[in-house]
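Labels run A, B, C and D following the written order; every chain starts at residue 1.
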Amino acid sequence: MEYNPLFDGTYHLRPWVDSLPLEYKYSLGVAGKTFSEGLKQGKILASKCSRCNESRIPPSIYCVGCFGYSDGYVQVSETGTLYSFASRGDVVVAAVEFKGVKGLLFHRLAVSDRNKLEIGAPVRPVFVQQAIRKGDITDIDHFELAV
Amino acid sequence: MGRSHAGRNRGDYGEVMGMENPSEPQGTALTPDEWRGKEIFFRNFHTKFTYSWDTGVAIGHFLEALKAGKIVGRSCSGCNRVLVPPRMFCELCFRPTDDWIDVLDTGVVNTFSISYVNNDASRREQPLFVAVINIDGASPGMGFLHLLGEVDAEQIHVGMKVRAKWKPAHERTGAITDISYFKPSEEL
Amino acid sequence: MRKVAVIGAGMTKFRHRMLETGRELSFEASRAALDSARMDIKNVDSVVLGSAPDAFDGLHMKGEYLLDGAGGSGKPYTRVYVGGGTGVFIPAAAWWHVASGVSDVVLAVGEEKMSPLQPHPQYAFWSIFDQFLERPLGVTLLWIFSLEMRRYMSVYGIKEEDIALVAVKNKGNAMDHPSAQLPMRITVDDVMKSEPICTPVKRLDVSPTSDGAAALVLASEDVARKYTDDPVWITGVGWNVDTTFWTNRDLCYPEYVEKAAMMAYKMAGISNPRKEIDFAEVYDPFDYKELHHMEGLQLAKRGEAPKMTREGITQRDGDLPINPSGGLLGVGNPIAAAGVMKVAELFWQLRGEAGRRQVKKPVHRGLAQAWGDLMQVGTVVIMER
Amino acid sequence: MINKAGIEQYLYASFGPELKFGRWLIVSKAFTDKLVGDIGALLLDDQVAIVGIGYSGFSPATPSQSYKELIFDAASRAYAECSVNPRKDVGSFVCCEEDLWEGTSITDEYAPDQLGAAQRTLCTLSQDGLNGVATAYMHIKSGVASIAVVESHSKLSNVLSQSQVREFALEPYYERPILSDGIPVAAMQMRRFMHDYKVAEEDIAQVVSKNKKNGLFNQRSSYAADVSVEQAMRSPFVWNPLRRIQVAPPADGCVVAVLASAEKARSMTEQPVWIKGIGWNSASTSAESAVSSEALYAKEAAKMAYKIAGVDSPGSYFDFAEVDDTYAFKELQHAEALGIADMGVSKGNTQADAPVPINMSGGSLSLGDLVEAMGLVRLLEAVQRLRNAERKRSKGLKRALVQSWRGIPSSSGAVAVLGVE
């Protein structure tokens, strides 16, 4: 018999392989919905808190500082600066900051000359054509150096 | 902002959600149309996590025994129990268990249910009979979850005696599904 | 051990699908709780958040994701997790932050957003089962509830009609709750005729899946007295987890609930719970669970909770009101948030602020309880005024 | 808790009923010395100690044991060290784990049995193990338990979809389509950190070389090697500027720690390791906090722990430190936030002969990434080193700093101050 129940040292070391496939439909939320509507019009929106005199990106219905409700949205400047970046092969991922706005936006960066990449470099968003925008973050095709 | 958030601010404690004067609680229900429609954008995402769990000594052995057409348990000399499913430690005595014990492939229905749904909450065409089965040869009340077959819904009852219906040996893979289901072991 | 008070509570609506993200829901509830305590986030020393499986919201380490919304930014922040028992466990965790002297003011937040998971939140429950012995059978959470319900009925000879009375009561009570998702006036007949899901469980025996959040503010005695003349004290907390091997236990009685309750009763100096507890918010994701849990909590003798229900003792105007809020069956079941909602109901009832939900008799001491895992976890909080 | 009433009660017991707080006379130096000593002892009685610690695994894979068997092994060792029967003696069990690292939702279901915690006071935190120590500490301080157990483990070898799980931790709308498995976040943070603090690539390679070599003297390390600074600098990029060798590779293992009140601790072990202070903190979830060059969470957690422990100048207080180095640059960043080293390895501040030597164990770069167990791994290494030093009567090592971080994309961490005096 291939199986010996009395032999304590019988180790049947074997892994059990299985998967957990998961599918989601995430709501963008109140502030995310407004942000997404802004993208369709080619705008990047930040939320503002007038008590703290602060705006923040990505926008949020609450102010992280004072934990009160935000009270509106403002469009960020057309050009931002490179806070940091990382690259693998042809892909460059960037964290972009905008003047007078707290927070960062992560996105892809298209760059022809890697030598010009440095922290603090000015960058600007390049949107896809209005007709195919759907309110997704990918409505911004990429950022590019603004020099 | 399009919603009533503005003005409901920190500092003006006017709209306290205490229930003496219940103000409308916050939150925006999505209608079925909004959920299906294009007005509100949703992010769809699909992923699949795959694992290769180590079965370890106890379950590895148990599955191997199933492949050989047997159900095994572990004995604990601390509390004199025969544990099914087996484990290498006794959870009551907190000591290593002692020996492998062959138990029977018959048992008694401890409790049962008739399931009309799948695990994604969709409706089943044919209901599934599920039960906790106390295994003969193990300590009283020791058993595991499995399916019932070759039985009508009306016949199933708590206390019903059942026997494992094994898959043919060549189809067994060392899995709990090597037992197709449990079926009544006596004439009903 | 320092005295601990609850001084504020707030919650969002509970709904099937909501626009707000989990962070936004957490914020709305937290803000409402802080407002009710007349406090700012800067007064808060630490934050405890609870939320059930990551698979619902759809985020690994979802405690980290929810952090900002729960006011945890820049603070000592902890996410506690005991499955369905999490909701009532959150204030227990906030309690030990204050009782130990580590914090003076703690914000306790429960959040759940079940709607993102497709095609149905139920799917996440497949992955709560043993990967070797149970998942290959295609198991669903409904199985174990129905198996437990059958065992309970079979051991004590209880009828489905008696159990249905709980659904009738709780969904009716929820008519008076401004956050409620499924308030309705129904009859036992409606429950009995509703679609069978997993016999003996039928559609109207079950609480819905929900999005929502709820929050509480806890404070030490000196802080509490500064902010309110009317603090409500947490005088007992208890929790307990039974063995994973649920098929090796007799499901007719929840021993872990009894043990959790005993821990809390001992702390609160309660020797006769049936006499000393004025009302209770008992965990009711399924109608039979209310009965099952009343027995575990020693609020009813074994097998006799259905009789008390039939006699009207557990109605809002009864001798021992159970789930005057409307419970999970009526208000909704965003898991961790639902448990916090129960403790918030104690707070509102004890302060006499429950409006149309206020129970008839004067109340001084209430109990909230939740349950979770593979019919395994009991969590209990006792509050007094 | 120590309070005025407690001291008064104690003084009554010691000096007789005629003594009343507020109107007694100090008569001699001997009297004051005894008073100070006794109050000191009382204060010590308010402390919490680690009385037992056990482990298992510590290997890239542990195929011979299921996670339950791995935990039973570690728990048995921890309990044996301090003669604890978990079925009777333990007042609270705390497990730290995350669902998707286990492949099981509501994974706390599977926690109790192998710890001896069935039908006992057990709870789970979705946190790092060091947060679990903080929770157990509060359980003891609040009187819930006088003996508490903390468990955390890793079975990363069983997770075939590690990058998918890491991706799943990212915010779904703004971050997930851009940031792949989250590793670019670490790389961006590293670049900004090097920029703001003028840290050279060589400094980071020094950390790699030091930790990989230190690991050669640690039996638990799976990834130790004699790596030169030059070799470390030739490792390929995962995401530029982050190199493969700068990332802690996955490992399996389990650590179980037994904590006790001072009263219990002394009878349970001859070598209690005292938790002099503990702190934990989370910075914001926001993007700027994820790539911030400063580890604010470590700074704030340290502030909390140092306050409890009465540490004024950490740079001279501690004899050594176990600091999170999931990515090599994090060791420097954390050391800076904890106030135990000036920035820049070129100054030698994190080397073995530094005022506060860091990661003499080899760190995560040698021991591996054990996800939620990381904090307990750091704790284990510190406790073993303190005990060994005491056993050898070497006077040098009496105070240790332990720090953990929850990894990308979190900004959460914990700090513990340990001492053997």
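Details
Throughout what follows, a contact is a pair of C-beta atoms (placed from the backbone, for glycine too) under 8 Å apart; a residue touches a chain by one contact, two chains touch by 3 or more.
The shown structure was predicted, so the numbers you read here are calculated from the model rather than taken from an experiment.
Between C-D and A-C, more contacting C-beta pairs join the chains of C-D. Chain centres here are Cα means. That of subunit C falls 33 Å from that of subunit D.
Inter-chain centre distance (subunit B to subunit D, centres taken as mean C-alpha positions): 35 Å.
Between the CA-based centres of subunit B and subunit C the separation comes to 22 Å, rounded to the whole angstrom. Multi-chain contact residues of subunit A, defined as those touching 2 or more other chains: 11, 13, 15-18, 20, 22-28, 30, 32-33, 61, 64, 66-69, 136. Within subunit D, residues 63-64, 100, 103, 112-113, 118, 158, 160, 165, 168, 172-173, 284, 286 each touch two or more of the remaining chains. In subunit B, the positions touching at least two other chains are 10, 28, 30, 40, 43, 45, 47-55, 57, 59-60, 63, 87, 91. Taken as a graph of touching chains, this assembly is fully connected, with contact between every pair of chains. Listed in rising order, the residues of subunit C touching subunit A in the complex are 17-21, 23-24, 27, 30-31, 34, 40-41, 55, 58, 68-69, 71, 73, 115-119, 123, 127, 131-132, 135-136.
Interface of subunit B with subunit C (complex): residues 10, 13, 15-30, 34-35, 40, 45, 51, 53, 55, 59, 62-63, 83-85, 87, 91, 110-122, 128, 130-132, 141-147, 158, 175-177. Residues 1-3, 5-6, 8, 10-28, 30, 33-34, 36, 51, 61, 66-73, 134-136 of subunit A are the ones touching subunit B in the complex.
Residues of subunit D touching subunit A in their complex: 63-64, 103, 158, 160, 172-175, 177-180, 184, 187-189, 191-192, 195, 237-242, 284, 286-288, 291. Of all the residues in subunit A, the ones that touch subunit D in their complex are 11, 13, 15, 17, 20, 24, 26, 28, 32, 56, 58, 64, 83-88, 93-95, 97, 102-108, 119, 136-138.
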